[in-house]
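What follows is a single structure, written as C-alpha cells, with notes after it.
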C-alpha cells in the first residue's frame, strides 16, 4: 500500500491536540507489535548475519572468532603462485543449490500461474456447483505441508504408489518410475506436489484480480464481436496483470525459500537441494554453523534483491491500483 | 434503417420475474427513451435487445428478422454503457478500432478512416493517443460513443450514459447526443435513463416502465399533458403533480369531483355517469397553480414553507390533507410562511384518475 | 449562541494548497451554506471548523474563543455526514447516546431523556431499537441528525447530507432540516452542498467558494440577482446565465455595451466612464429572455435545438457566438428548430462584468 | 531426581525402554521420562546438536548412533572412570568406536548389522543356496526373477536394498566397497582411500543391478520401501537390518516362514570378503545435565547385562556384551541372535572416528557420489575422483 | 448448437478434472488410513476395507491426543495474540498519518518473506534466554514471525477501507483512539478478524520446523511434528497406515473450517494478497 506513497506527509509540528493525540496513540499502538517483531525477526536475523562473519561451530558456539568475509570468499596463494579460492561464493554445491532453487522457482511459479489462471477463469464463470469447486480447491491449500508431502510420497512410491499404477493402467509408462529417487524425476515430483498444493492459492489471488475487472468491459467486447480467446489475451490478461504481478512475487518469494516439502519428499537428493536445504544442512548436519549462516544470509540477500528488482522492473503496485 | 419489434418479451432470473411481457414497435430512426424507477427493468430490457441476456419468452425482431438467438455482434447494434466500459489499457484510438480490427475484413486504411471520422465528429481527435484514465468523464463518455459510432450500427443503445457526469457536462453531452441523432437519421436510438429532463428533451417517444410492465408509450409532451395513469402523472414533472384523494361527485356532461378537504370542483374530463360516487384521485401540477385573491379557488390554506429557487418560488400550502400542496409561483409574488393563501388554476389543467389510478380522458 | 469567526484560514496538503485564506463572520443562529464546484474546498473548510483537520494558517474562533488547537469534541459542534456515518453495530438508540456516554458526567436518566427527546422531534422513536441497516436512507439520515441533536451543539455542521437520498426523499428531508433550523433558533448551522436548490432554499446566507477562495457571500436572492462576478453568476441558476463577450461602449450616465454579434444595448449598471472601450462580459439569464416580435431585441438568430421540459421549453438559439443563447420560454409558445427568432428582456435583467469578471453594480 | 532420556527408538523398542526404566525407577527412586524423537537419524542428529549447542539442560541422557561419538564428544560427559568395572564385557571394537581422544563418550546399548535376507522357498525351488558372492547373487536373482515372472509373478524383483541418497546408502555402498577390498572410504589413519579400482568395480557391480534385478525405484528406497517389496513377496533377496526379521515373521506377512538370513555376499578380488556396516546405539550423558551422577547411573543400569538381555529377548536387539551371544535363554527366545554373530564378525565401522566432526559431510559427499553413479549421472570413476578431491579439500590440514 | 454442447461438456470436464485432482490425494489418504498390515502395499482405488485400527492406535498409543490439544492451544493463543497486536497496529498504520509509515509497512512486508532458516538459530538462543524452551510459549512466540506481519497487513488493508466518516463521527463524539479501535472499529471488523484469525490459525497449526526445533518432549509437541515422528515398531518401519490416519485427523478440522468459512477465506486471502 504505502509503498507507492510519494508525497511526504507534513510533519505534525503545528498539530492540533487531535493530531498529536493520534500520532502518540499510533506509536503506542504500534509499539507492542514492533517489539515482538524486532525480537522474533530482527534480532535473530542480525545474529545470523553476525555468525556468518565468524567461525562459529555448533559444537562450540562460544569459541567463535571474527573472520570477516572468509565464509563468503577467501583465498590463499600457494607457493607455486597459484591462487586457490574458497568460500560460499565459489562453492559449486552452493551454486548448484542456487540453480536448483531458481529452476524450481521458475518452473513452479510459471506452471502455477498458468494453472492458477485456468482455475481462476473457471471459478470466475457462473455455473452450477461453483461453490463446491471453490471449496474443493481450498483443500490442498489447507492440508499441512508435512501431511501433503507424506501423502504424495506415498502416492509417488514406485512400488505401491497409485500414480505409477494409474500411469501403467493408462499405458503412459511401461515400467514403474521411481519418482522421488531418479535424478531426472525428483525435481518433477517436487514440482508436482508443490503445484498441486499452491495452485489454489494462486488461483484465488488471480480470481480476485479477475473480479475487479468490471463486467461491462466484457459486454462491450461481446458487442464488438471479439471471440473469447482474443478477449482473454487482449482484455483479461492486460487487466489482471497488476494482480498477477503481486501474486507472482509472493509465490516467487515463497518458492525461493522452499524447505519443508523438499526436506520431507526428497531429503538428500542432490537434484532438488535448494538454498534453504543447503543452509540447514550446513547449519545443523555438518559442522559448519558459520558457513550455514553465511548461506542463510545470502539467501536473505538474494530474496531482497529479487524482490526489489521485480518491483522496479515489473512496476508492481502493492496498492492494487488504489 | 432498422425498426425493432418486441412481442411479449419476458425475462426471468431464476424465480424472479423481471419483465412481464413487453410489446413495442420502434420505427427505424426513432429516438426511444426508457424511463422508470430504479429496478423497473429498463437496463434488463436494453440488454435483451443487445443480446447480452437471453430472452426468456417472446420474440425480438430487428429489421424484420427474428434475432432472439443471434450473437450481440451480429445484431447491428452498438451500446454505450453507464460506466463507459472502455478498455483501460488501450488508447482511445485502439478502443475505437478494437472491434473492427478483430472483425477482420477491414483494411487498415478503412479502420483508420472510420476511427478518425468518428473522432472528428465527437471532437476527440486530440486525445486519440491517450489512455482512458487520462481523460475527463465527459471525454470518456464521448470515446464510448465514438466506439459505438465506428461500429456503424443500425441501432444505438445507451444505458444511462450521462449519470456519471456532473450537471454542466450532462447538459452539454445531452445536447451532443441530440445532435448525433439528428446527424444519423436512419439510426434507431434506444436510451435508458431515470432522469426526466433527459427523457423529455431527447425522446421522440418515451416508454415509461414500472415493475417490468410498460405503463405508457408516447411523445414526451403527450405523456406530460395526458398521462394515462397516476404512475405516469406522478413520475414526470418536478416537483411531482399534487395528487389528492377525491370523490367523483358526478360524471357525464357535468363532471365534478370533490377532493378531500376542498370544495367541489368542475373538471374537464370524460367521466362516465356511472362513476358518480366512486373514489378517485385528483391531480394538478404545481406549475399550473397560482395564487388568487378572487372568489374561485381550488385550495385554501396556510403557507407552511417558502422555498425561493431564484427564478421561481415553491410554496408548500397546508390545505388539511396529509401532504401539503405544492405550488410553483413567480418569485416576485410576496408570500411568507404563515400567510393564508388561495390557489387556483385553469380547469383544463386538472387531472382526474379513477380508483385504479387510470386517468379519465381529458376533454 | 455561537458565532464563528474565520480569519485568513489556509489549508495545505503537502504541497497542494487547498484553501487560500478564508475570512468569514458567521453570526450565532445563522444558516450558512457553502456551495461551489467539486473540489473547491467546501468539505475541507467544514472539516477545519469541525477540527477534523489541522488548520495550516489563520485563526478560527467559535464564540469568541480561538479553537485552532481544540479537539473536535470540545468545540461544541456536531456533524452530519453525507454517508450518515452511523455506527453499524449499534442500535439507533446507542448511536445517539454514544457521544454522551463517552463524555462522562451525564447520568443514565439524562442521556435517556435527551435521546428520546431528539428521537421524538425527528419521529424516529419507533426505530430506536433497530440497527442502521434495518432503516431506509431517509431514516438513517434522520438518525444521523438525531445523533447530532443529542450532542446539543452550538454549531451544526452538515456535509452534503442529502446527496445519497433519492429525489423525492431529498425534497422531504430538506424541508425537515429547514424546520429543524427554525426550531433551534440559537444554533448556528453550516451546510455544504453542491446542489443549488438546497443552497437557495435553506440558506440565510450562501458562501460561494471557488478553488479555495470565497467568491461571494450573501443572501440567496442577493447572489442570484446581484452576483459579484461571472463565476457566481454562472454558478447559480439552471440553465446557467448566458454570458457573451462584449465591448463596453460607454460608461458614466449612459452605459452601453455591445455584445459580440449583436447590436449595442443600453444597460442599467454603474460603469465608470473610463471603462469605455474595454472588453467585458454581458450576461442574461435564460428565464429572463422572451421571444419578441417587436422592434427592440437583444439577440436574433436561428433556433438550433428545442427542448421541451413539460412545464417550460428551452430553446438554444444560434446568434453567431460560439455558444448558443439559451432561453426558457413558456411551453405554449410555438417554436421549432430552424425558426428565426428575436429575444428580448427587460433591461434591468441585464448583467455586465468587466474584463476580470467583476460585476459592474446594477442600478 | 527427575531425569529425561531422549531416544529415537520407536514402538516396541520404546515400550521395552519404558519397562526397563520402570525397573530403574523402583530401584533408584529417580523418575525418568522418555523424549521420543523422529526415527530419521539425520533429524535426531541435527536436533541434538542444536540442543547441545544451546546448552539445553532439559535432557540428561542421549541415545546416540555409533557414528556420532566424535562429533558430540565435546558436549558429553566422559564415562571412562564410571564404567571401568564393566566396560570390559563389551565388544572392544564398539567401545573403541565410542572412545574419542581417550574419552569414553557413550556406553554401548545395542548393536546392529545388516544381513542378506533370502527366500528359502524360491531358492529351494530352483535348487540354489544362499549366494556367497555378489555375482552369484545377481545370477541367482536374475534366473529366479525371470522364471517366476514368466510363471505369472509379474511384480517379482531379484534384489532390493537401500539406494536412496541418505546415510543408508553410505552403509550399503561401504559394504560393497569393503567386500571388494576397496577400503573404507577414509582409513582409520585418516587417509582418503576411496578412489581405487576395487571401489569403482564394486559400485559398477551395484549399478548393474538397477533395473535388471532391482527395481529402478531402488534408488529411492530406504529400509521400509525395501521391506515393503520384500514382505509382499515381491523380492528374492533383500539387504536389511535385523528388525525386518520379526516383522517378516508377522501374522500378516506374505513370506512368513519362507525366508532366512545369511551374511552379505563378498565381492571379487584380492581382499574380497563379506562386510556388514556396523550400526547400533549407545547412551551418553549430557555435559549440561543438572543430575550428572544420576544420569551416569542410569546409563550404567540400562547397558548392564541384565538389561541388554531383556532387550535382546523382548526387542530382538543385538547385545553388545559378548557373553550374551552364548546365552541359552536368548538363543531360545530369539534364535537369530546367535546366528547374527557371524554377521557381526564381518562388521565394519563407518569412517566416523577418523573424520570426526566432518563425518556427516563426508558421508553426504560419499552417498551423493554413489547415488550419481548408480543413477548414471557421470561415470563411476569420474565421480569417485571428484569425491576424492572434495574429501581432500574437506580434510584440509587434517580431520 | 452442437458447438455449444461441446463447449459445455469440455467446460464441465475441466471442472471435474480440477475437483478430482484437488481432492484425490486426500481421498487416497483416507482410504489408506482404513487399511492395515500388508494390505497397505496393495494399490486400491476404492475403499476395500474399513478398519479403524489405525485410528485407535494413533489415538490411544503415544500422546497424539495431547499433541492435538497442544496444537489447538498454541494455534488459538497465536491467533488471539496476533489479532490483539495487529488490530491496534493496523489502526495506526491505516488511519494515522505519521512519518515513517511507509517504511514501517515495507518492513512488515519484508518480515513476512523471511526465510525461517535464517532466523532459526537466533530464535533458539532467544527462547533459551527467556527460559521458555520446550513450552508452548516458545512456539507461540516463534509463530509471531509469520502470523503477525500477515495479520497486520490484512487488517491494515481492511481497516483502510472502512469509511473515514465513521471514525470522524466518533472523533466528534469525543472518542479517543483507543475507544475508536475497541468500541467502533472492532465490532465492524469481525469478518476480517475471523478470516485473518482463521488463516493465522491454519498457518500455526501446520508449522513444522519451529515446532520440531523448539520442543523436546512428547507432551509439548504439536501434531505436524507428532506425525513426522510417528513410527512403527522399529526404527526403520514407516507406519503408513498410522500416518495416514493421523494426517486425516489433523486435516479434517481444517477442511471443515475451510468449508465453513470458504467465502471469508477467499476474501481475506485476496484482500491481503499475502500468503497465510
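In this document, chain identifiers A, B, C, D and E correspond to the written order of the chains, with residue numbering beginning at 1 in each.
Just so it is clear, a residue touches a chain if its C-beta (ideal position, glycine included) is under 8 Å from a C-beta of that chain, and two chains touch if they have at least 3 such contacts.
Keep in mind the model is a prediction, meaning the values are calculated, not measured.
Undergrad: Return the chains shared as contacts by chain A and chain E, ordered by label.
TA: C, D
Undergrad: Let me spell it out: compute each chain's centre from its C-alpha atoms, then which one is farthest from chain C's centre?
TA: That would be chain D.
Undergrad: Between C-E and D-E, name the chain pair that shares the greater number of C-beta pairs in contact.
TA: D-E
Undergrad: Which chain is most remote from chain B in terms of Cα centres?
TA: D
Undergrad: Measuring from the mean C-alpha position of chain C to the mean C-alpha position of chain E, what distance in angstrom results?
TA: So the centroids are 55 Å from each other.
Undergrad: Would you mind pulling out the distance in Å between where the CA atoms of chain D average out and where those of chain E do?
TA: Roughly 38 Å, centre to centre.
Undergrad: Quick one: report the Å distance separating chain B from chain C, using the average Cα coordinate of each chain.
TA: Chain centroid spacing, chain B to chain C, equals 28 Å.
Undergrad: Whole-Å distance, chain A centre to chain D centre, using C-alpha means?
TA: Averaging C-alpha atoms per chain gives centres 37 Å apart.
Undergrad: Going by the touch rule set out above, which residues of chain A reach two or more other chains?
TA: Within chain A, residues 8-9, 18, 21, 159-160, 280, 289 contact more than one other chain.
Undergrad: Name the residues of chain E that each touch 2 or more other chains.
TA: Those would be 41-42, 121, 125, 171, 228.
Undergrad: Check each residue of chain D and list the ones that touch at least two other chains.
TA: 47, 50, 54, 228
Undergrad: For this structure, give each pair of chains that are touching.
TA: A-B, A-C, A-D, A-E, B-C, C-E, D-E
Undergrad: Along chain E, where are the residues that touch chain C in the complex?
TA: By the definition above, chain E touches chain C via 163, 165-166, 168-175, 179, 183-184, 187-188.
Undergrad: If we count contacts the way the header does, which residues on chain A are in touch with chain D in the complex?
TA: My answer: residues 57-61, 157-160, 175-183, 267-270, 280-281, 284-289.
Undergrad: Give every residue of chain C touching chain B within the complex, in rising order.
TA: Within the complex, chain C contacts chain B at residues 38, 166-168, 171, 175, 178-179, 196-197, 200-201, 220-221, 224, 236-240, 285, 287, 305, 307-311, 314, 316, 328, 331.
Undergrad: Using the touch definition from the top, list the residues of chain A that touch chain E in their complex.
TA: Of all residues in chain A, those touching chain E are 1-3, 5, 8-9, 11-12, 18, 21-23, 25-27, 29-30, 32-34, 36-37, 39-41, 43-48, 51, 118-119, 122, 125, 127, 129, 131-148, 150-152, 154-155, 159-162, 165, 196, 200-201, 204-205, 207-208, 243, 246-247, 250, 253-254, 257, 259-260, 264, 275-276, 279-280, 283, 289, 293, 296-297, 299-300, 303-304, 307, 318, 320.
Undergrad: Help me check something: in the complex, which residues belonging to chain E touch chain D?
TA: 36-39, 41-42, 62, 121, 124-125, 128, 133-134, 212-213, 216-218, 228-229, 231-238
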